[in-house]
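Letters are used for the chains, namely A, B and C, taken in the order the chains are written, and counting of residues starts over at 1 for each.
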Amino acid sequence: MNPVVIAIKILRALITVVLLVTFVFVILRLSGDPAVQMLGLEVSQEALDEFRHRWGLDRPIWEQFLSFFWNILHGDFGQSFIGGRDALAVVLERLPKTLQLMGLTTIFTFGLGIPAGIYASLHRNTFADRTIMGLTVASFSLPNFVVGIILIMVLGVTFRLLPTSGSETALHYIMPVITMATADAAIFARFSRSAMLEVLHAPFMRTARAKGLMWGAAVRRHALPNASIPIVTVGGIYVGRQIAAATITENVFAWPGIGKLLVNSVQLRDLAVVQCIVILVGVTMVITNLLVDLAYGWLDPRTRTGDSK
Amino acid sequence: MNEHRNTADRKTWRDYLTVMPPSILISAIWIVFIVAVAVLADVIAPYDYKHMDLLDRLRPPIWMENGVWSHLFGTDDLGRDVLSRIIFSIRISLFVALLGTFIGAVLGTTLGFAAAHFRGRVDDLIMILIDFQAALPFLILALAVLAFFENSFLLFVLVMGIYGWERYARIVRGLALSASSTGYAVAVRVLGASPARVYLRHILPNVASAIIVNMTLNFPETILVETSLSFLGLGIQPPLTSLGNMVGFGRDYLLTAWWIVVLPSIVIFITSLAFSLLGDWLRDVLDPTLRGN
Amino acid sequence: MSDTQQSMNPLLSVSNLRLTFNTGYGGWLGNRRHVHAVDGVSFDVQRGGVLGIVGESSCGKSSVAKSILNIHPPTSGQIIFDGEDLVRLNTRAWRDMRREIQYVFQDPLGALDPRMTVLAQVIEPLIIHSIGSSDEQTKQAHELLEAVGLLAESHSKYPHELSGGQRQRVVLARALILKPRLLICDEPVSALDVSIQAQVIQLLEELKTSFDLTIMFISHDLSLVRYFCDTIVVMYLGRIVESGSIEEVFTNPQHPYTQALISSIPVPEPGHKRDAIILQGEPPSPFNPPTGCHFHPRCGWQKTLCRSVYPDLDAVGQDGQLVACHVVHGRKLDP
């Protein structure tokens, strides 16, 4: 890809981030007096005035927006009203737990989903293929919280094999990871199956075999690299789904991560924490989508030639 | 070849019925059943869903020991009839999903048409909004809106209406652009038709099948989002009840009264499965570009 | 009407028409490029005449038609139709003007709404312009469909149930039901089988007489143009390189490009072989047209001047034949 295209993609990403911050600013302003919203009604008049001055609420709206933006650029998302701590610090201390959960889930998802999809594609229309595809459709329709609750009921309550809440030991990871991986393993299984089927029937595979390449070698050398392109493109969707899944799963298993923090903060209307999480999630997604976009351009030789069209 | 594909487009609903695989037929029957339950909730529910009987709490369903005929699916922690609550929850969950899907379809289609018609700046703006939507997982967006505003039934339905609008907008924009760059849309415009006539009388009927397919696929997802939010206690608020609500409030009784959680979970699962299967099948049947694979 | 009166009062007079596209439009913030699809084109279409516009694909001949029809509003220039400048019409006035100017598409299947019956599509123009009662509209549509050779049983069919030739007849009926004065046909038969082409051209000829039509006929098929048209415009990369009466241009082509096109027409008699002038290379990309005369990279006559200055379209002889070529006009070619 040529530098101009890359620069345009980065510019678009930046505009999306600006829009994201604008969105948070707008709903914050629409929802009432931000000082009262952020600090609650019980605080003193001085605290309200101090807050208004710090966020520039006594100035024109566009100046307020600029200072809001400026503060966020400097990592100042305001204070959580639980202990009056810096919102970003509150969020960041929960981050490792969520990342651990997502990391393990990703290994599990890929390790289960992609081989299952490839296996199904190589044994198309057999009993195994149909079973795998049937299971994937079923797991799409199972919301996270149902999977989690059923796991708790069976493994936690009935057989008492696993702890049902918290994150202290390695055993605590098992059920949340299974819960989060169910739907996404299904997505990757379906995706890798259809991507493989497409390339298995592509002309270059026929050519490769006609050249005398063994079936296995042809699959490894030609089919797998080509099938990886569509799999990479679901990466952006995957990260978004992981974030949503973590939000719910953490609440089912009382997992002390960002998702649990988000829901608690929404319930308590701890808006500084909510806006901090929303913006961090948004920025993460924008970066992911940008990387996927660039990776796609790099993987697909058709867009690698340097010509934009 | 061309002709063959197009004649297949002209099937009547009777033809569709005969080519339905059994799983789709079962899905369709379940959907009809569940819709009937939602519509007739007042008539078929044995109790009012808010009716409490504190003397008869946590009674198991009929097939278990201590089950009674008067509470087929047992009662919950406040002695409310689980069957009646499921029936009314189906009504609320389906209603919210239906309204949400409808709002999303209208919003997305309108914006898609606007992008295709005005192009330039308007198109840019709508594409920016689509990018933005892709940058924020819907659950997080919904949580943010619900955090900043007082949760109400109306707000919740509107938030559900935002879900998936960008997919309609993308599809409709693409189809409308291709129709108006060549083809019949230009032809009708050259005849002197107003843009309203071009979009509503010509392009809309031609993109309707794509919109309907997307709606059937969007519908179960909306159910899952609604039940998830309700499960977290941030969706439908008591005294109203939804399937997600029931699971959320019942989780404290997993040890003693699993049926409060499991029965609504099963309904969520089967309903969303039925809609997904039907949607996939419809897409394969109606979308000629996917046919023949 | 005498010849001189005719040429003084053409039905359509296009002057200095330019159409620039912004392309490479890949969504918001996509990179954009300009293409001069039509670059300063002028010609007249006489009342009752048939003007042919020829050239290779992407030479701008369809863009001329689409500019006249306001499908792609021109970037600059004048389009005078019966004394009125179409470029200045507002949206409302344009919708009324549609009754006068109609269009026949290259791809009849694409031009017909796949979800409407043939009859409904032919009635639609009458509904749009609120002409006649519902019964009259239906009656008129039936009559016209029969006039273009479609039997009653096919009137309730859908476009995909018809053959290519039948579809083009429907498109013709739909265009003619408004009784337009100018009919613009954009490659009307190129999507059809050769055997069907002749039938449709014959039908066009009949309709021209019975509807008293003036026709602009866009085609890449020179033998068709020679048969059907009375004047011709030859385009190359957005500009006119030669124009004149069919008679003049075909018997005495001046521009090297026109000569090459005409020499490549297959000759019916076997054994009688014409010396075809083979054009070298592909037409250059309209994104990046050559400097000077656009044709010079493929021209056997090219001189220094041709590489730097675009030749004006000037008259040759007495019969209104115009040619844009430095060599033909005998200019001082090398410094």
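Convention: a contact is a pair of C-beta atoms (placed from the backbone, for glycine too) under 8 Å apart; a residue touches a chain by one contact, two chains touch by 3 or more.
The model shown is predicted, which means the values in this text are computed figures rather than measured ones.
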Starting from the Cα centroid of subunit B, hunt down the chain whose centroid lies farthest away.
C
Suppose every chain is reduced to the average of its Cα atoms; which one is closest to the average of all protein Cα atoms?
B
Express in whole angstrom the distance between the two chain centres, defined as the mean CA positions of subunit B and subunit C.
50
Just give me the whole-number Å value for how far the CA centre of subunit A lies from that of subunit B.
23
With centres defined as the mean C-alpha position, give me the subunit A-subunit C separation in Å.
54
Counting only residues that touch at least 2 other chains, which ones in subunit A make the list?
12, 15
Residues of subunit B that touch two or more other chains: which are they?
128
For subunit C, residues contacting two or more additional chains
28-29
Complex contact set, residues of subunit C against subunit B:
27-29, 69, 71, 94-96, 98-99, 102-103, 105, 107, 109-115, 124-125, 128-129, 158, 160-161, 171, 174, 178
Subunit B residues touching subunit C - in the complex, by the definition given at the top:
2-3, 6-7, 9-10, 123-125, 127-128, 182-184, 186-194, 197, 202, 205-206
Contacting residues of subunit A [partner subunit B, same complex]:
12, 15-17, 19-20, 23-24, 27-28, 30-31, 37, 137-138, 140-146, 149-150, 152-153, 157, 236, 240-241, 243-244, 247-248, 251-252, 262-263, 265-267, 269, 271, 274-275, 277-278, 281-282, 285-286, 289
Note which residues of subunit B are touching subunit A in the complex, please.
128, 131-132, 134-141, 143-149, 220, 224, 227-228, 231-234, 244, 247-248, 251, 254-255, 258, 261-262, 265, 268-270, 272-273, 276-277, 280
